[in-house]
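Listed below are the structures to be examined.
You will see two complexes here that share chain A, one where it goes with chain B and one where it goes with chain C.
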Partner chain A sequence: MSTNNLHSSNLPGRHRLGRVWLVVFQVALVVGVVALCALLFNILNGSFGYVAVQDKVNPATLAVDGVPLEELDKDTLIQVLQANISAGLMARYEFDKPFAERDAGEVYDLILERVVAPEFVAQWSLYESLTNAGEVRATAAQEYPEARLEFRSWLNWHFLRAPQSSYPEIAGVRTAVLGSLWTISIAVLFAFPVGVAAAVYLQEYAPDNLINRIIQTNITNLAGVPSIIYGILGLAIFVRALGAFTSGIAFGVTDPATANGRTILSAGLTLGMLVLPLIIINAQEAIKAVPSSLRQASYGLGATRWETVWHHVLPNAMAGIMTGTILAISRAIGETAPLIVIGASTFIQVDPEGPFSKFTTLPIQIYQWTARPQSVFRNLAGGASLVLLGLLLTMNATAIILRNRYRRSQ
Partner chain B sequence: MSDTAQATASLNGAAILSKDLSIYYGDFQAVRDVNLDIQTNRITAIIGPSGCGKSTVLRAFNRMNELIPSVNTKGEVLFRGENIYAPDVDPVEVRRRIGMVFQKPNPFPKSVYENVAWGARINGHKGNLDELVHSSLKAAALWDEVKDKLDQSGLSLSGGQQQRLCIARTIAVRPDIILMDEPCSALDPIATLRIEELMRDLAKEFTIIIVTHNMQQAARVSDRTAFFSLSEDGKRAGMLMEYGDTKTMFTRPEKKITEDYITGRFG
Partner chain C sequence: MATPRTPATGSLKRKPRLTELVIQSLLFLCGLLSIFVTAGIIYELGKESLLFFGRTQWQLTNKPIAAAISPADTAIEVGAVGTPAQPGDLLRINGEIVRLVTIENGAYVVERGVNDTLPAAHAAGVVLEKGIDPSLAEFFTGTTWAPHAGLFGVLPLLNATLMVSGIAILVALPLGLATAIYLSEYASPKARNTLKPVLEVLAGVPTVVYGYFALTFMTPLLRTIFGQDVVQIYNTASAGIVIGILILPLVSTISEDALTAVPRSLREAAYGLGATRLETAVRIVLPAAFSGIAAAVIIAISRAIGETMVVALAAGAGPAFTFNPFQAAETMTGHIVRISGGDLSYDSLDYNSIFAIGLMLFLMTLVLNIFSQYIVRRFREVYE
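Right, the complex of A and B next:
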């Protein structure tokens, strides 16, 4: 090829530079993937593995007339239970829910929980359990001769359904999951309409003047404020100043388990404040992306501003607004610090009943379990982390499906 | 057109009359002292070099400029003898009476039917919507092509069909005047010819003002032509240079600058 002396076309050098950058990009990708794998490994490592379980009473000894425990009928099961626990405890169970209303399975569960009372005496990580099963078995046999070795998934049906408990054997995440769902729902119910309305105002109505520019800058900056600050804000406003409302006293409803404004409502509103700037900014971007030719077409037909916004701008921005909201919710569902500040309960066993109940949430539950000295709670935390991730994925998937359906119907 | 409109129109012969119309973008004067009378049921072409303010003037005729925050309009635009910039005039009403078709076809991302029906519906149309959609699409010479796909998206049509859909949508709200800003510039010659034929038909019922860069189009389609150009004092403000019958303009223009532009020696 002919060359002229105007260009010092160092083509091989330029290609080399390109290859160097390509390698940089690939390395960056690998780092990201490794970090992700490490995260997954860490969670899975704690969520599955061998446990040594030791029963207080061997279930075989509870057989009646040679019929094993699990095949007994309800009445016999009640007798077994009665024979093994105190009369006071028996009366409490009767009070909680009369035995006449319980089925055989429930009574059997009570016997397992109270009489057989299996205890986790040792547990191993997934990695150990898979790579070193022989040694695990040997150790277990040597150190806990009376225990049996089970491969356990810490994430299981019981774990999802059972309330919080200080016994790791029967503890579950039900209270925390319900608490998370409640707070997130309230946060979204509050922040979505307010955020979208604010975004519509800023994008479609607000004149470009100093005040509006200051407001805009503030919203942008608020999105970056650390969440603990929102916690302090929530504590001051929702828990303290508006305590009469957030505890339900002002409405004449007081939850028996209420705690002076440290309720689901306060938590939901605090999370709502936290995600509000995110929702506003994302909704603004989505509204900006609606082509101005659409607005012109609408105005050109004699539509008012409101008609233009309602019939054209919002429907066309909705997919983007929803995406932004999903991102915001994903952030909120994992928030721990602000909820601790406004006073999430550290230990509650009763399901939240409404916005005025005390609450705990999944990330708080995880945090508490990891902070416990007994190593078995770390496995519970691993299981709860899986639940949290699952919850997040489900919500995202639902939102994406909703969004795609919306797009198609457009 | 209503009887009163007919009466007013025949009284002064002008559908739109601008008096000393000047338009500013911030401090920049884009259009200076335009005095123009647009005649009823005629097609008026606005021609002129790029940047001379044709679109700006056109948008001033239905107050679309107000959607641009920095715009400032001085002077008067009389529509049926009434200044549309008077304080008590609602721009929404002005835009229903004076519709607009844009350079790039911009149907709504809705069904063909909804595209036509929407404007009429929000404006409180009382008659039968199906009939209105039918007659508007027929008037826009589009009915035969879309009668089987009324519930398909307006965006699924070809460019030329989309532009005719936009015209149908504009007709459906029964304006008196239709403003068209380079309506054919995104279309191929055949689609362009169809729109031109359509305009001739529509002129029986509507007053049409069309901005175009295409001299042949202006000559073919319009009754009157307004030639705009930039002022020669260095301020680059758009001014009305010559205005008259299209035939006269294209055969015996009064001004040298008009002749230069029309014959392509300028621009």
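Right, the complex of A and C next:
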């Protein structure tokens, strides 16, 4: 039969087409996975690798009476420092923190920083260091004969512990990490209670009327507003209009002459606003998932609405609420643009002391380092990215563990 | 004998409970706060934008008066330094506003005491300020953005934003859709459960890290492929491709959810009629999930338009009106970040301009988000 022939002659073509497109679909998926691998590889590539280090003064020449530098006691170290730097600089260090209060380690660090002053004259990526180590060594020996070649992990203990610095050799992320933790804490303190309360209202109390529908639509739309818009809003409201409060002047804790609203408090509240819709939406989902039989049982025993919510709905929804909140926070911790707009300081060397301090955060630090023209700062940015990803990974793991624990206990 | 029932006063009536009422009001206020946030955004952006468009901005010209003038003088000797003014410009001298009529032999011939200001004597050395009037028409038609030179065309910024978003969608839409179809129609549940989280990790990486990726990986890659002379160090192509990777999980996850939600019976009916797997996926399941996929794409576009850190790092710092994706061009978000990076002084031209650009950005993304919700409602196929 002709139709049957037509059908069977057509069939192999249709199947062939199906196989071709299957390959296309698989390739698309592979491209996505490859992109993720490239992203991770790129960060690792910048975070490890050979560096050529050149000392201004060889530490061996600083030995006193044959005792190497690192074994000297504090007083001798101070003498070594005094002999090698200007009196003005010495006086400034004394002013920053009297030498009587510094321990030998701190003085030793100062000598390393100011006198030995190791400088990174060249650096290579991890890929080059692994595949082409011989050539890297040859280049280093030829172009920087006085330098020594080290394999360096840009993410190291010193990097985590040291404050920001304009010298890449001693720069670290301590101030940035503390700034991030401070802003995030304030954001959570603000957004979590308000967000959960709003979710409870919308899910448990709100009658289906115009205003509640507007609130619900509004929250959905707020979740889609670009983060930089929140930054602009934060600049106008928290930094400028409420500057007296966010700078701490109104509470008399800061000096009115120098303080302004570009503080941790402003940043935290801005981030809080940013994550509020996310927390509300997640908490609503969690509350929605609580079976209504629980509520009815509670009402049946004579509990009021609030008692039902407080004793039955919230405890049952808490796992979902916590998971949603942690995911919202991990969004906030990586936010950069809004904080740049509200004016996070780019160069901060002292630890933030409280909500009214100036601050910088980890993503801003990565941005600053990446934007610099010197390639050595790109390596620092790679190391800082690893720290940020580590922080995020910890938070997400916490979210998963929390979810599993609550699920088991129910 | 039964004693007559004494009605316990109000025992069956609902007692007003004060604490319940207070708690309910507090919860309502928390819900209302989100309205305040939106109102705050619209009010602040609108107010500062109106200031930007409705007020003459005074810009220092660095041009001092060469000789002292009395209130009656109409010719002002000016030095050769600084930005020259054009006839018709408004100039401000120590608070007095004058209009420049002509320039004769290097001296400004002016109309004194314009705009309700009084002519006054001015000493030599006072620096002239030039009045700049940003107009809405110029904002949308001008092709140069240089506020300090009095040019307020937002088109270069808008063009760069649209170009970056366009490239991003060109990358994310085919990849995301193909991934979603594979995961929902072909992959085994086990493969799906391992691959989906991998893509979601992509969504969790902070955008600043993507910026680092664009600048240190994608740009060198593009420069190797297309040549160092063709591709500039900062270019919109690199930023666009990386934003495409950034929104890829958004497109694929939401699309996959929409595809999975299509009932099994539809697929089985298609198989029963002799359709191949591809035909079922593309002709039956895809149209049925259209509303969800369209919404995903629109949300992804809105996300790409608002994305900031990747363009701030990789697309270039300086507005440029170009259609070449290998050249540097600053987007709206990139401009806001660069301008506000320093200590921005309030009520300055720059301060007001970021609100005007921000308002435009907000409206663009808001329209897209509302449109995506509309599509979901309007075109959703409900199967029961």
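Here is the rule we go by: the second predicted complex is superposed on the first by the 359 of 410 C-alpha atoms of A that agree within 3 Å, B and C clash if a C-alpha of one lies under 4 Å from a C-alpha of the other, contacts with A are read in each partner's own complex, and residues count from 1 in each chain.
Just so we're on the same page, a residue touches a chain if its C-beta (ideal position, glycine included) is under 8 Å from a C-beta of that chain, and two chains touch if they have at least 3 such contacts.
Values in this document were obtained by computation on a predicted structure and should not be read as measured data.
Which of chain B and chain C touches more residues of chain A is settled by the count: it is C. Look at A:99: by the touch rule set out above, it reaches neither chain B nor chain C.
By the document's definition of touching, of the two partners only chain C reaches A:221; chain B does not. By the touch criterion stated above, A:406 is placed in contact with neither chain B nor chain C.
Legend: residue contacts after superposition of the two complexes on their common chain; A:304 is shown touching both chain B and chain C. In the superposed model, A:208 lies in contact with chain B only, and not with chain C. Of the two partner chains placed by the overlay, only chain B lies in contact with A:296; chain C stays clear of it. Of the two partner chains placed around the shared chain by superposition, neither chain B nor chain C is touched by A:245. Common to the chain B and chain C contact sets on chain A are residues 304. If you check the complex, the residues on chain A that touch chain C are 14-15, 17-18, 21-22, 24-29, 31-33, 35-36, 38-39, 42-43, 46, 193-195, 197-198, 200-202, 205-206, 212, 214-215, 217-222, 224-229, 231-233, 235-237, 240, 273, 276-277, 280, 304-306, 330, 333-337, 340-341, 343, 346, 363, 366-367, 370-371, 378, 381-382, 385, 388-389, 392, 396. Chain C contributes residues 17, 19-20, 23-24, 26-28, 30-35, 37-38, 40-41, 44-45, 48, 174-179, 181-183, 186, 195, 198-199, 201-202, 204-213, 215-217, 245, 248-249, 252, 276-279, 282, 299, 302-303, 305-309, 312-313, 333, 336-337, 340-341, 343-344, 346, 354-355, 358, 361-362, 365-366, 368-370, 373 to its touches with chain A in the complex.
Contacts from chain B toward chain A in the complex involve residues 62, 64, 67, 69, 92-93, 95-97, 99-100, 102, 104, 106-110, 118-119, 122-123, 166, 169-170, 173.
Residues 207-208, 291, 293-304, 307, 311-312, 316, 410 of chain A are the ones that touch chain B when the two sit in their complex.
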